[in-house]
Structure formats: C-alpha cells, structure tokens
Amino acid sequence: MTTARTTIDFDKVGKQIGFVDIPHSPHEDAWGATRIPLAVISHGRGPTVILEAGNHGDEYEGPIALGELIRALDPGEVNGRIIFLPAVNTPAVDAGRRTSPVDGLNLNRTFPGDPAGTITQQISAYVSSVIMPLADAFVDLHSGGSSLNILPSAIIEPAADPDLRRRNIEAVLAFGAPLTVVIDNLGEPRTSTATAVRAGLVTIGTEMAGAGTVSLDALDICRRGVRNVLAHFGVLDAATASPPARPDAILRIPGHDGYVLATAAGVFEPFHPLGARVEAGQEAGRIHNLVDPSRAPEIVRYGASGIVYGRRQPGRVVIGNCCVTVAAPYEGDIT
Amino acid sequence: MTTARTTIDFDKVGKQIGFVDIPHSPHEDAWGATRIPLAVISHGRGPTVILEAGNHGDEYEGPIALGELIRALDPGEVNGRIIFLPAVNTPAVDAGRRTSPVDGLNLNRTFPGDPAGTITQQISAYVSSVIMPLADAFVDLHSGGSSLNILPSAIIEPAADPDLRRRNIEAVLAFGAPLTVVIDNLGEPRTSTATAVRAGLVTIGTEMAGAGTVSLDALDICRRGVRNVLAHFGVLDAATASPPARPDAILRIPGHDGYVLATAAGVFEPFHPLGARVEAGQEAGRIHNLVDPSRAPEIVRYGASGIVYGRRQPGRVVIGNCCVTVAAPYEGDIT
Amino acid sequence: MTTARTTIDFDKVGKQIGFVDIPHSPHEDAWGATRIPLAVISHGRGPTVILEAGNHGDEYEGPIALGELIRALDPGEVNGRIIFLPAVNTPAVDAGRRTSPVDGLNLNRTFPGDPAGTITQQISAYVSSVIMPLADAFVDLHSGGSSLNILPSAIIEPAADPDLRRRNIEAVLAFGAPLTVVIDNLGEPRTSTATAVRAGLVTIGTEMAGAGTVSLDALDICRRGVRNVLAHFGVLDAATASPPARPDAILRIPGHDGYVLATAAGVFEPFHPLGARVEAGQEAGRIHNLVDPSRAPEIVRYGASGIVYGRRQPGRVVIGNCCVTVAAPYEGDIT
Amino acid sequence: MTTARTTIDFDKVGKQIGFVDIPHSPHEDAWGATRIPLAVISHGRGPTVILEAGNHGDEYEGPIALGELIRALDPGEVNGRIIFLPAVNTPAVDAGRRTSPVDGLNLNRTFPGDPAGTITQQISAYVSSVIMPLADAFVDLHSGGSSLNILPSAIIEPAADPDLRRRNIEAVLAFGAPLTVVIDNLGEPRTSTATAVRAGLVTIGTEMAGAGTVSLDALDICRRGVRNVLAHFGVLDAATASPPARPDAILRIPGHDGYVLATAAGVFEPFHPLGARVEAGQEAGRIHNLVDPSRAPEIVRYGASGIVYGRRQPGRVVIGNCCVTVAAPYEGDIT
Amino acid sequence: MTTARTTIDFDKVGKQIGFVDIPHSPHEDAWGATRIPLAVISHGRGPTVILEAGNHGDEYEGPIALGELIRALDPGEVNGRIIFLPAVNTPAVDAGRRTSPVDGLNLNRTFPGDPAGTITQQISAYVSSVIMPLADAFVDLHSGGSSLNILPSAIIEPAADPDLRRRNIEAVLAFGAPLTVVIDNLGEPRTSTATAVRAGLVTIGTEMAGAGTVSLDALDICRRGVRNVLAHFGVLDAATASPPARPDAILRIPGHDGYVLATAAGVFEPFHPLGARVEAGQEAGRIHNLVDPSRAPEIVRYGASGIVYGRRQPGRVVIGNCCVTVAAPYEGDIT
Amino acid sequence: MTTARTTIDFDKVGKQIGFVDIPHSPHEDAWGATRIPLAVISHGRGPTVILEAGNHGDEYEGPIALGELIRALDPGEVNGRIIFLPAVNTPAVDAGRRTSPVDGLNLNRTFPGDPAGTITQQISAYVSSVIMPLADAFVDLHSGGSSLNILPSAIIEPAADPDLRRRNIEAVLAFGAPLTVVIDNLGEPRTSTATAVRAGLVTIGTEMAGAGTVSLDALDICRRGVRNVLAHFGVLDAATASPPARPDAILRIPGHDGYVLATAAGVFEPFHPLGARVEAGQEAGRIHNLVDPSRAPEIVRYGASGIVYGRRQPGRVVIGNCCVTVAAPYEGDIT
C-alpha cells in the first residue's frame, strides 16, 4: 500500500527531474503532499546506482554535489541508470535539521519504514520498497551534520556475506576519500545503508566534515568521489576517475569505547585537534561550568586508542553528548 | 534605582568570587533572582580593569579564559583591581545562545540599559551604572558565536577623543592578537564597548573564531591576550607578557559593503577560505535551492576588496543573512 | 483491551447525553481522561445510524448541526437508534485544529486505531471496535477545514462490494447536497469512512465549504442533509425529508492529477473561482514571491479537466501545498 | 540615529528595485540584516507618492498589486515619484502573519517607531523619519487579514485640519472602491495612516476582503484603485483612471458599539452575511460549545445599526474576539 | 490617551457587572479586545474601595472570594462604593500563569503602566490612571502562586508618609490574617501596591498560601478578610467583621538575606516546615543531582534568623531560584 | 536487538555506580547517548531486588531516597543484590516532568517497550528485557507528581496468580506506609508494575504525596519503606526494619467511579481535605469561571464513597481533568 506517486518513468531513457509526492494531511494543508526531489538519468545497458543525499537535513556536501550532477550530466555520458534522491528527507533538508520537523524522526533510524506511518516512515518505506529494488548499488552521502565535525571519509557498512563485503570495500575504496572507516553504528539495523546491504546492494557511505556548514575541501572530495564511484560501476567513463584510496588506510569505530560522552552539563574544551593520535585513558578534554567560576572543570578521558576522528561542534554539552569520537585501525578482513 | 545586590565588597583586598543577584519574578520563580557571576581580585595601587565575557552566550573562549584566571590568580600577583564578569549575560551563557532566552534580547544592543526594564536591560544597566564607574579600562571578550567563524583578532572600538583613541589602540595592540580590526558595528551605540568608550574607559574588544565551538588556537590567543592586557596596564607583571601586535596590521570593516548578505533562502556555498584576498565585484559564493535540483544556484558577490575576515557557519541561509564579511586596510590615524 | 468507559447505556430507550472517558496520563493530569461527547437517542425498531462530526477539529458545520439535533430531537420522533459523536476528535475540536494538539495526529489517518496507542489512536480504536459494530450506517460530516474552501457536497466512499456501493450511493444522494463526489483519498485505507465500508456499514461522507469558518449556506445544507439521511434509513419520518439529489450530478477527484500542488514557496493567486470549468494544462494561478518584487511569479497549471472543486484558503504556500482541486465527471457505475 | 541603509538613490531618475537593510543581530545571524524591499520610479516633476503594503503580513492584495506595478511600470509613464514599500513588515509577510515573528509586534501599533527599539519599531521609525518626509501622499493598502473578512473598501483616516481632511476624502474617493469608510481605530494614534496624517501627507487606506486568502475580486479592485490614486495625483495619466466613487456612500465604524465581541469561548455561528442591514439589539449570531452538546449556545447581539461590514474568519473564538463589525452611515462633513 | 472603554458607569448607584475592553490587535484577532472583568457596587455616601485580584494569574483565593462577593452582595448592604477587579490580569488568569501569555510580562512589575505599551502595560495604565483616582483605598489580593507556598498573611506596603503608614497598618490589621508582614519587594517601585501608596490610597496586600492550588483554609481567611476590610472602612456593616489581628505579630522580610537562593540546578529538599524557627547560617536544605547518584547533594543555608515564611513549591530548581524565604520580626514603628 | 550498553557488571560483587547508555541520534547530538543512572550493590547469596524511581520525572522522594542509599550502603551490609534505577526516565527527571521531553511519552504507559522505538520505549524495553530477568522482586517508587497530591501509601498491583498476589501483599505491607491501596489503573497493562507482575516478580509500588514538591514527611516514609522492603526480602538485616503495616488498612480505587473529573474549564475549589470521609453523590467541589464573575461556579460530585485519597494540585482545570480521587475499602482476598 502506498498513496505516493511520481511523474518520473524509471524505464524511460534520458534525463528526468521531478518529484515523488507523498500525500500528507496536516492542519496546514489537508490535501497536499510532501514533495521529495527525484531525478533519473538513464542511457545504455549498465547497472542502476542510487545516489542518495539529504538523509539528514543538515549535511550539505552530498545534496550540493548531486544537484550539480543532475543539472550537468548529459544522458549520453551515462551507461546504465542513475537514480538521484538528492534531498531524500526533504522536510529536514528544507529546515536544515538532522531530523524531520514534521514528526521529529531521524530518517536513518526508521528503515525499512512503514507506508502507514508518519511522513518520515513513509519516505523510508518508499526508498526501501520502491527505489532499492530497482538498483544494483546504493550510495548514501552523509556529512557530520550540525553536531559533529568529522575527518572526510568513505564508510564501509559491514555485510555478513563475504562476497558482498568484498564488493562493498572495493566500491568504497573507489570513492577515493582520504580515510576509509568501517562504521556499524553499534549494530543499528535501522539505517539506509544497513537496509541496502540486507537487500544485497553494493553499498557505499560517506562522512564529509560537517559542523553544520559547507566545507570547500569536503565538497571537492564529495564531487570527485561520486564520479569515481559511478566510474567504478561503469556508469561513467573510467577515464574521468581518480585512483582509488589505498586499502591499508582502513579504520573502524571501536564500539562504545570509541565515543567520549559528556559526564556533566557545561562547555566542552577539547585537548586535541582532529587527526591527533591518542591513547585510551588519556585526557580528552574538560567540561566547564561557565555560570559558576568557582567550580573547576571536569576531565573526560578517551576510552580507546586511535586517532581523533570526530568532534562535537557545539561547545555546549549535556550529559551523554558525544564530545569526541576515536577511530582505531580496522583489523578485519578487507579482501 | 536598582534592586540588585552583590555580596562582593569592591573595596576589599584579596580574591572574592560571588554573584550579583538581580531579582526576577517570572512564572517559574516568584521571589528568586538571576545570578550573574562576579569576581574581584584586588591588591596594591594599580588601576581597575573590567574583564567581561559571555556578553553573547555562545562565545566560549572568553568565559573559559576568565574562569581559569579567577581560579588561578593569586592576589599577590595583582597590582590594582580586576573585576571579572566572566558570564555577564548568564541566562544566555547557560543556554549557549547569543541572545537571552528570558527576554529574547541581545545584551550588546541594550546598553546603557534600563533598571526598570527586562532582565537583559537590567544587566546592562548594572554594568553601565555600577561596574563601569569603578574602572579605568574595559575588556570585552567576544568570539564569532554560533553563526560566524572569524579570524581571531583584537578589536578597536572607535573613540571621538584622540587621546582615548590612541590609548585604546595601544591597549588593543598589547593584547597581541594575530589581527587587529576597527569595528564600529555601523555606528551602533548600544554595545558595551561603545558605552565604555563614551564613559572614558580604555576599551579593548576581541573576536575569537567562533562557530559555536571552542577553538584550541583561539583559546590560547585569548588566554595570553588577557594577561598581556593586564600587564599593559601594570596590573600583572610585564615580564609575563608577550610582545604587542605590530601596528601595520590594522584592518577595518568597510561599512555595509563589507557584509555579503544572502539574496535568497537556501544553502550557502562559499568560494574562498578565511584569509583569502578578494576584490569588490568578485563572486563570493552561491546559494543552492536543495529541495528543487532543477533550479540553478544564485551567485552572491563581494561589495568590497580586502580579506575574507568572517564567514557564516550554518549552511542554511535566509534573505539578509550575512554570508561573508570582508576586512579592508584601516586608513585612519592610529598613533 | 480498552480502559475507556462511558456512562451511556447503548441499549436503553430514550435520549442520553454523556461522554466516553479515555484515561490519559500526561504531565498536566496524571489520573484524568480525555472526554469525548457521545449521545444516543433510541426508540422503536429501526436501524442504528452513527452520526460523526469533528473528525477534524476545524470543520464546524457538522458539530453544530449534530449538537442542535441532539438537543432538539424528541426520542418519540425516532424509529431506531442514533449514535452521535458530534466532536469525535475532542482535543482537536477544542483547539479548532485539523489534527490533535495532544499527539499531532490526524484522526482520519489512524483508523482502525490502536487501544494501546496515543490518544488519537485510542479514539479511532474505540469508534472502530466499540461503536461501529453497533450500527448499520455511518455518516461522517466533514467541511473543508482551515486550509480548504470546497463546494458543499456529499461524498461517496468507494466500496468493492457492488451491493454496498449501490446502497452507499443511494444514501449519499438522499443527503441532498448540491454536488455528489466520489473521493477515495488516493486509496487511503486509514479513514473512518474507508473503515466503515470495510465493516459493511452504509457510509455517507460530506465536505461543507470550510475555510476555517462557519458558512451559513453550508450549515443549512448540513442540517437538512442529516435529517434527509435519517429519513432515508427510516429513522426519522420521511415526510420531513427533501427530495434526493439527482444522480447525474456525480463527480470524482481524478487521482493525483486532480490536485494542483505548489511548486515554490510564496503567495498563491488563483485565476478562477470555485465552480469554474477548467482544462488540463490551463494556467491555474501563480505564486508570488512577495519579499523580492524583482522576481516574477511562477505559473502553476491544472493537471485535469473539470470544475474547480476546492481551493486553498491560506494565501501562503510552501512546496507541495494543494492550491486547487479539480473534480471531473464520475464515469463509474452508479446504479 | 539609524544603522539602516539602502542602495536606492531617492533622487535618481528611472526605476530602481532594491532593499533597505536594517542590521539585526539575533542568535541565528550575528552580522546580517532584515531586508525590506523598496522600489522607486521617478520621472518628471509631479508629486511623490508612497505606496505601502504588507504592513500586516497576511494581507495579500496590496503586496501583489504593488509587485506587479513595480515590474510593469515604465518610468516614462510616471510624472513625479513613486516610492514602493510592497512588503514593509517583511518578516511578517514572509511568515504570512499579521504580526512580526521576530518581536511579536503589530507594526501598525508601533508608529512613529524607535530606531533603538526592536526590528518592528526600527521599521516604523525608518518609514516615519526617512520615507515620509520625502513624500506628498501616503497610500497604505490593507486587507482584512487572517482573522477578518471585510467588504472591500477605501478608508479615510480622520484629519483635524479641514483642508487635509477634504484632500484625504477626495483622494480616497478617487481610489474607486465599492465602499468608503471612515475608520479611526477608536482613536489609535500608533498606525501608519494616523502618523502620515499628522505629518501632513494626503492619506488613503484600504481594506480588501481578507480571510487570509487572495480574493480575485478584491485584487482587481486594488489593482485599479492604486492606478486611480496615482492618476488622481497626476503621477499617472488620468486617461487610464476609473471614475471616482460616489461621495454619498461614506460609512463609518460607530466606535466600540460597532464591534460585536465574543462573550464566551466556542465556535461563532453568524446569522447574517456581509452587507446585510442589521439593527442594534438584534441577534448577531451565537457561540457554540462543541465539546459539550448538552449546553445551549450563547447569543450575541449587535451594538449598533448599519450594515454587516466585516466578520471574523476563524470559527473558533475566545472571549473578546471580534465576531462581527457593523458600519453605519457617516454623518460628518465630507466636503 | 486610551482606547479602552467600559460599559460600567462608575457614578451609578446599584450593582453593575461588566468589562473593560482594551483593544488588542494580534494575529488571531485584528479588531477585538482584551476583556477585563469589572464590577461596581455603589450605594450611600461612604468611601470608594478597590478590590483587586488576579494581578498574578495563578493565585486563586482572591479571584474566587471577589467573584462570590460580586454575586452575593446586595447594593443595600453597601455604604460607599466597591470597585472590583477580580481577574485584573485576565490573560494570565485565563492561562493560570503568574505572567501574561500575551507579552510575557509580570503585571506587578509594570506599574504605573503605559497606554501605548503592550497589553499588560495597558492594563496597569488603566488601573493607575482611571481606577485608582476614583478611590480612597486599594486592596490587592495575592497568594503564593505556582512557585511559592506561603503562610497566609496580610501585607503592609511601606509608606513614606507617617499618617498613611499608620492608616495602612490599621487597615492591614483589620483584615485579620494569622500573620502580618511588611514586604517592600527589595524597594521595587513597579508594583500595584507601591503605586497605590504613592497615589495616597490606603493600601492592603495579602499572601494566601499558593502552591498553584486552592487552599480551603486560605480561601476562608481571604473571604473573611475582605469583608473585615470593607467593614473597617465603613463600607460594610462593622457588625459582620471579625476582630483585627493583634499588632505584636508583625514581621518583615529582612531584605536579600531573607531569601535562600539555589546555588546549583537540581531538586531542593527542605529541612524545615513552614513556620519553623531558624537561625542565620543554619542548613536550610540541600539540592540533589538526581541524574548522577554518585554526586552528593549541595547544602544551602539561611541568611537571616526568623521563621520559615515561604517555600518553593516545585522541587526542581535552577541557580538563583528562591528555595525558602524567612520572615523576621519587624522593628519599625507601627503606631 | 539493543544498541544499549552499560559498564556495570551485574555479576560482580561490591558497589558499582554507573550508567546505561542508550544511543540516541537527535539533531543536537548525532552520536551520543541517553545516560540512565544505574547502580548495583551485590554481596552474599540473597535475592535480587530492583529499586526503580523516576519512572515519572516529577516525583522526587523515590530518586532522593535511592540516591542516598546508593551512596550510603556498604556492600557488606547486603545479602543478595540490589539493582538501583534511581532516575529511570532520565530525560523526564532532568526536566522535572512526568513525561519525557524527548518523545512526549509517559514511560509508565510504554511497557514492555520496543528496542526499535523512541527513547522512552527503548528505556522500558531495557528494563523489561535486560533488568527484570535478573531479579526476584521489583519496587517502583512513585509520588503524586506535579498534578496530584496523594496520601502517602504503598501500592498493590493486582496479580492473577494467588501465590504471587499473597507475596505481593506481604511485601507491600512490609513497606510500612500509613496506607495500603490496591491500584490497577483501570486495567492498564502498560505499566512497569503490571509488567513485573506478569514476569512473576514480587512487586511493590508507592504513591508518596506529590504536588511537584519534596514532602519532608513522605521522604521519611520512603526512606524507611525502602529499607523495610529490603529487610523483608532478607537483603538487609531485619533488625533495622520497622514493623509492617496492619493488613486491615487496605483500600482500593473503585474504578472509574473513584475519579471525580472536571466537567468544565475553570479553577477547581475542593470542599474536603485529603483523608475526609465522603459519600457517593455528595458535592466534591466547584469549578469557577474566573474571567466572568457573572457566572456561578459548577458543582462536581463524588461518584463513590470512601476517603479523599488524592487531589489535583493545579487549581486550573480543563474538561476531563481528575479533580479528586476517592479510595474505598478493599474487599478482595488479602491473605
């Protein structure tokens, strides 16, 4: 059951730019729809690749790069089919918020979705049940977002199947990011990439800086990476691609120990810049109580050794906020 | 008329850490007070210097540096009196917001304040009418805040009186920031520094990075700068101070032309990093409409030549938002 | 499982006016209830008809007409049983909002409901599982609501069963509205009328003007229509009824093409009044960007031919808002 | 003192479309501005006329008509100068709200404004102190707004000076609205028209339907009226103007008695359409308690005789809401 | 200047119950009014007494007692004139909030008000400039409100004039409360009672329990006290009055030291019940950090000796909240 | 499936104070967690008892008493294992709200929870599926909360199994509260105690005063009761326990009739104090319309005979709010 519709014909050759309209009936608009931008460029006999961005609405490099590509790409350059969802959580993108202002949900915790649920659940249901079955590969472009500043990296979503795992790693390395990191979100199954892997699609993720802003460097990495991946799948001409990242650079988030969480409310002062090498047990920073200068700050410590991979952007923290994330070398099988 | 009180005795020698209590009677607390942290360290015969931070509640280097100094300084090191207001707009600091969550006001647009006004107006009235008359010099420590990322700099508030202007410039240079910039906020008279200058105090401002986070580099500049200024006034031992900044580095914001304002809602992509040299008329960046990829982005252009001094942090903009700020060479008299 | 209760005895003869109390335990009231007004007038041996209004809380003709009828009707006039739910989404009615202020839900997208869900889901569960099983027919009185202004009409909810379809159409025509329209809400199964049809009840809907206000004309149509329907079922004396609407007047919403959706944010200027005949492809209106008069407005076009059946009331639109709805002739079987 | 600036040169011949930028420093944007659209078309030697709309942000005919005129008018058609403020309370227009979302203020209760006040007070100060001194006449285009539906009419703001009063009446009649009404807002001095009259400008107001929507009829009246007024002042060619309204049609709001206020919370059902003749003491409508159908509605009555001039749009009322407004014949001197 | 009006004729003999309508023009209601209930009972030649309640909207004994008196009193029982303002801050009373939901203001910090200000400022202006000049005496009935639980008491507002001071004390003692307390709100001049004293009216205040609820005992004290005071002024028959309170029971709030303010956020556990005798320096209670049980609570201490006069009702506190208030013996002249 | 983790080792002997971290990914904190305080004290061979408080965030005696016990208890005093969840709905406790500010849910209407649901549903899932299986007994410490003031009592959750029912009653009586009441929340299965009973745990509840404040008396009852219960289970030394409550004191809430619900909006004036004996049909209080003193208050009546067990704290009511709760003698089997 779905009441959504799109004027895009997925089987048509050429470039189409349009929308998916998901009927939505709030107080402000009884008979309208939430419009999700959608584009398809189809030509030749190659595979189908989904390029998704705007899963979180405050991560900007992906949506910018995909919008440019939609407008710039000539169908004749394509061998196969590219399905673009450049601002998939449209209400969140329009608001510049990680989560949807409509129902408060984080789209990336709602997969595979529910066609009878709230708007965000209907979006994930549409992606899972209508878009994913059309494709061979899935690219989900994230940045750190408003609350995190992250070293630009391509992300491997773990796969149980060894063959899919190998193909995922090859595709992620093809992206050509400065870093490659295995992230499983502590085993979280409700993400789009976990869902794509379960559906058997070759899956590539990214984390591009963030901090709620547009990074010139990360935008450049993202633009090139998307073309590299399309070339990797043969959908764009391989001649235009950069060489893939080197496989010895793979890191992973070492579970809960990789996250330094705030132990009190206050303002977090970090002790190390992104990329610094740190040790488990070492002081990671301190939390200041600015409204009472007679109180000394509290120290927080790293729970794992590795490099400082991400850092909280807003100075203000409450208990449980992630202050710093550490990435450690990945010791799994990458071949 | 004021109903505020402090348990601090401004005439007492030694270190006192306490509060100003301004009675406040909202729904949640009929008979309580807004507590503004206040500390005084007094010893010897030197001048009185006010160190203010937290004028905006999302600018963190100043409050952190002053809190450390309050806790660390031994009265015997002091020759004169230091009055610390490390989180002067306390409700805003507690919320990590530029403006007060209590009445929505920007403290730095309320000076000289009103003792019968809202809480923010009462805070500025207290600073203007109780604290400033006690002092010879006034230091107001700002950072860029949540919405701006700025090159760390010490700020000169213009003074009509040539002698005060000269003394302000000397003191600002003594701070030792990488840049020195004349900022008059387009002639805005409602700031604390404009009010301090009108009151005849030697006045120093700062802008320390910002972006809503704590910058390790800017925090270090701020820590040293505060001590340098106190040494400049003879309140701390000059031996501990760094050499002052070189006077040929002075810039200014060239009025309205220095601000590149958004011409449409969307996400701003900047074309140049902070510190880049740019020309009036040159493209400064573009504004993307992410929810409709069929629309090309809009170009915005610089209105003045100089260096990229500040940049908006949140990618999301609405019409009128300041995307970029340019600083040009200051051509006034600095001696 | 339900913790709801009513003091109404559904089997008792005469008039009872009371409430359903659904226990609700928010911050403001740990041990209270949401009270849903409920009335029953029972006498003689005729069928049971549910009269529901206030499904959306900003649609006023239905609740007013039912309240009057509850107060005015003498049990002796009744042959059968009328169950009145005149303000079924009581929190929404009390707020004058389409959706519930308690949980944000649109009651008419929650059927058949969930007795362990939020308050709105508990209301629909009560109607579906307690009230509907008692009845032979179901009347759901809607108006356009705050966001829509609609030509007053009686609504046919499609039924798969031919016999039920025929009986629905007869009953809807008996209502005697100026227009009769088949509306399936794009196949939406979560409405009260779709649920009533699935439960085998003869089902009648309405749309009465709207625009967030009380229409004198529509109120008159609604008052007469309710009595006409009750006479149709033999519950009131047929002598008091108006003649039914003529069956050649039946229209339908032609799917997604019947809805003209906003393509940009701004203020919508319609080009035709309600009732005008329009063609697919014709200009329907334009969307003005009022904050930048240098920009020309955007044209939106009809997607189907027919008459202008409904129009957005608030001038302000965002992308996806329904600006105009077109109704086309119904070509299905109505006998 | 003002920190506002515009790039418009009021003395330049030709058409200029731009903005007034009023610096505004909230949490979201430390160094940006509120941009108020402004256009000037200047040619020849005639008088200067200010055309203002968007004083309230949910009144749409004026802003649409002025935007069209700005884009359509060739400077060569103009004899004199037209200063357009088509969306003067820009934050309110952008939000589609009567009052500003920034500071909650009704611009038309803030004149003559305060350059050191909140944004709305700064806007009124700019209009009063920068724009009005440039002009000979002032036109302020209102509609009923979200809460009122009004018979389209041109409005006379009373003037103490007999000569100005006469010239105001002539200009208002020249507008050519179906009705002409004297409205003094119960003596309210804080409106833009009262301020314009005090400044000696010939002053014309309007009320154009409203109900929060765009009325096709009212938009047509407004488009013609603006051109008629410009022709009246000789700024446009008189040949293009319609004949003025007939002077025997002047009405007035008879003070407090003209307003029927709600006596209880509930939903208001009116008894008469706009334009109906009614008598003081007659029943005007009733207020229904929809959440308790056992309670009879409350009757409200007219306080003055005349015609039903305006009616509340939202059905939901609370105590004190204006349900209906009556206009009575104006018995003052109109020559 | 005022645009307010009332249908009450202050010079008419008998009982009138009506409203003051203050025009108010927010988004929701362009032409309506804020209705302030007002009643006058006038008969014979005695003095005029204002009975005000609902100054804060969450203090209920006063409004209940005045409403009863308005309905119950026969004009023939009155010798003089009673002007009732039983819910003077009507928007706050309707919301059950200390402060107005319309503009966020505490009415009792806005006197003498401003007829061109916000609604709350207009209410205080009406009371100060229209009602107070009509009267000889002013009674302002407060309770503790949502945030405070207070020992029921009659309140003396200090007066500079010895004769007025004496008459105030006599009138307050006539009220007959269990306690009598001198409260100057730390010198606050913006209260209604301070304004009444400046206007030369004999002035009586109260504090009746509070805690956001209706106290049976306090309601009884309040009912009798109001009649006692009217008898004291000769407006009601002295035979119905209780004997006055004994003058040796007078207390005072000993300035800032009387208020124990929270030093941290958490939940306050008091150590003593209301009425307990306590000493300056003694532990008053402690503040628990419930979200981290490893942290010990913080102790707060009394700043003055006396009895526990009031206590914060909500357990949750933030820095600066008033946890406990102590009243000490009044040592001033009470004759 | 759960992504939660704790550093507590449930099998380790001694005292551990820590947290459960449940990953939560809202806009403000992409990679952080909601931290739920958790402590375990384990020693010897006795049973495992869960002590839960803060199920509702505005009920303070339980969290305070458990925090003290965590800090005070020496492992050597323990024979068995105590698992403390002193602030189980941490976001609600931190906000001082009954319900979670994160998702608006009442934790005690979400059991057994959902590990893929919102944060509150994840908390209940963790308690149900991770903590409860470790234990023999479950104690859930409630107070009345912000909206209710209740006679301090220990609560029996009904159990279908006679043996468990007997053991529950013995354990509840061991708590030693002044009153013992059977409460089934009208059959509500979604509470923690109903879930614990279904899981076969011996289950004890409490209601301790409330009114949103900390009651000295109730805190003392709670402190002793917790130790009594632990002694009852042999986890603490029986010598330290008080004698159990007498079994003839058992009451019950007599279903819907036990709750007096508001029939109109206004301010509720109760007629009887807590503990008074009342009869079904007797007047319970009245609801005042404070904004219109011409209207008489409405009477509400008791629906059952018994004692006044609880009373609404906030004076302000809307329709359906629980004004008073009556407890009647329990006539079931208690042996």
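Of note:
Each chain gets a letter, A, B, C, D, E and F, in the order it is written, and its residues are counted from 1.
To be clear about the criterion, contacts are C-beta pairs under 8 Å (C-beta built on N, C-alpha and C of every residue); 3 or more make two chains touch, one makes a residue touch a chain.
The structure presented is a predicted model; accordingly, all values stated were derived computationally and were not measured.
Steps from chain C to chain D, taking the shortest chain of touch contacts, total 1. Common neighbours of chain C and chain F under the contact rule above are A, D. Listed by label, the chains that touch chain D and also chain F are C, E. Simply put, of A-B and A-C, more C-beta pairs touch at A-B. Relative orientation of chain B with respect to chain E corresponds to a rotation of 120°, obtained by superposing CA atoms and rounded to a multiple of 5.
Among the remaining chains, C is positioned farthest from chain B, on the basis of C-alpha centroids.
Chain centres here are Cα means. That of chain D falls 42 Å from that of chain E.
Between chain A and chain E the centroid-to-centroid distance comes to 58 Å (mean Cα coordinates, whole Å). For this pair, chain B with chain F, the centres built from the Cα atoms lie 49 Å apart. Annotation: 36 Å between the Cα-based centres of chain E and chain F. Looking at chain C, residues 35, 58, 94, 146, 291-292, 312, 314, 319 sit in touch with two or more other chains.
Taken chain by chain, the contacts fit none of the simple shapes, being neither an open path, a ring, a star, nor a full set of pairwise contacts.
The chain pairs satisfying the stated touch condition come to A-B, A-C, A-E, A-F, B-C, B-D, B-E, C-D, C-F, D-E, D-F, E-F. For chain A in complex with chain F, the touching residues are 56, 58, 97-99, 104, 106, 108-109, 144-148, 185-190, 256, 259, 261-262, 310, 312, 314, 319-322, 325.
If you check the complex, the residues on chain C that touch chain F are 1, 3, 5, 21, 23-35, 94, 103, 116. Put simply, chain B touches chain C in their complex at residues 263-265, 291-292, 319.
The touching residues of chain C, counted against chain D in their complex, run 17, 35, 37, 39, 54, 58, 60, 63-64, 66-67, 70-71, 84, 86-87, 90, 93-96, 146, 149, 211-214, 216, 219, 267-273, 288, 290-294, 296-297, 312-316.
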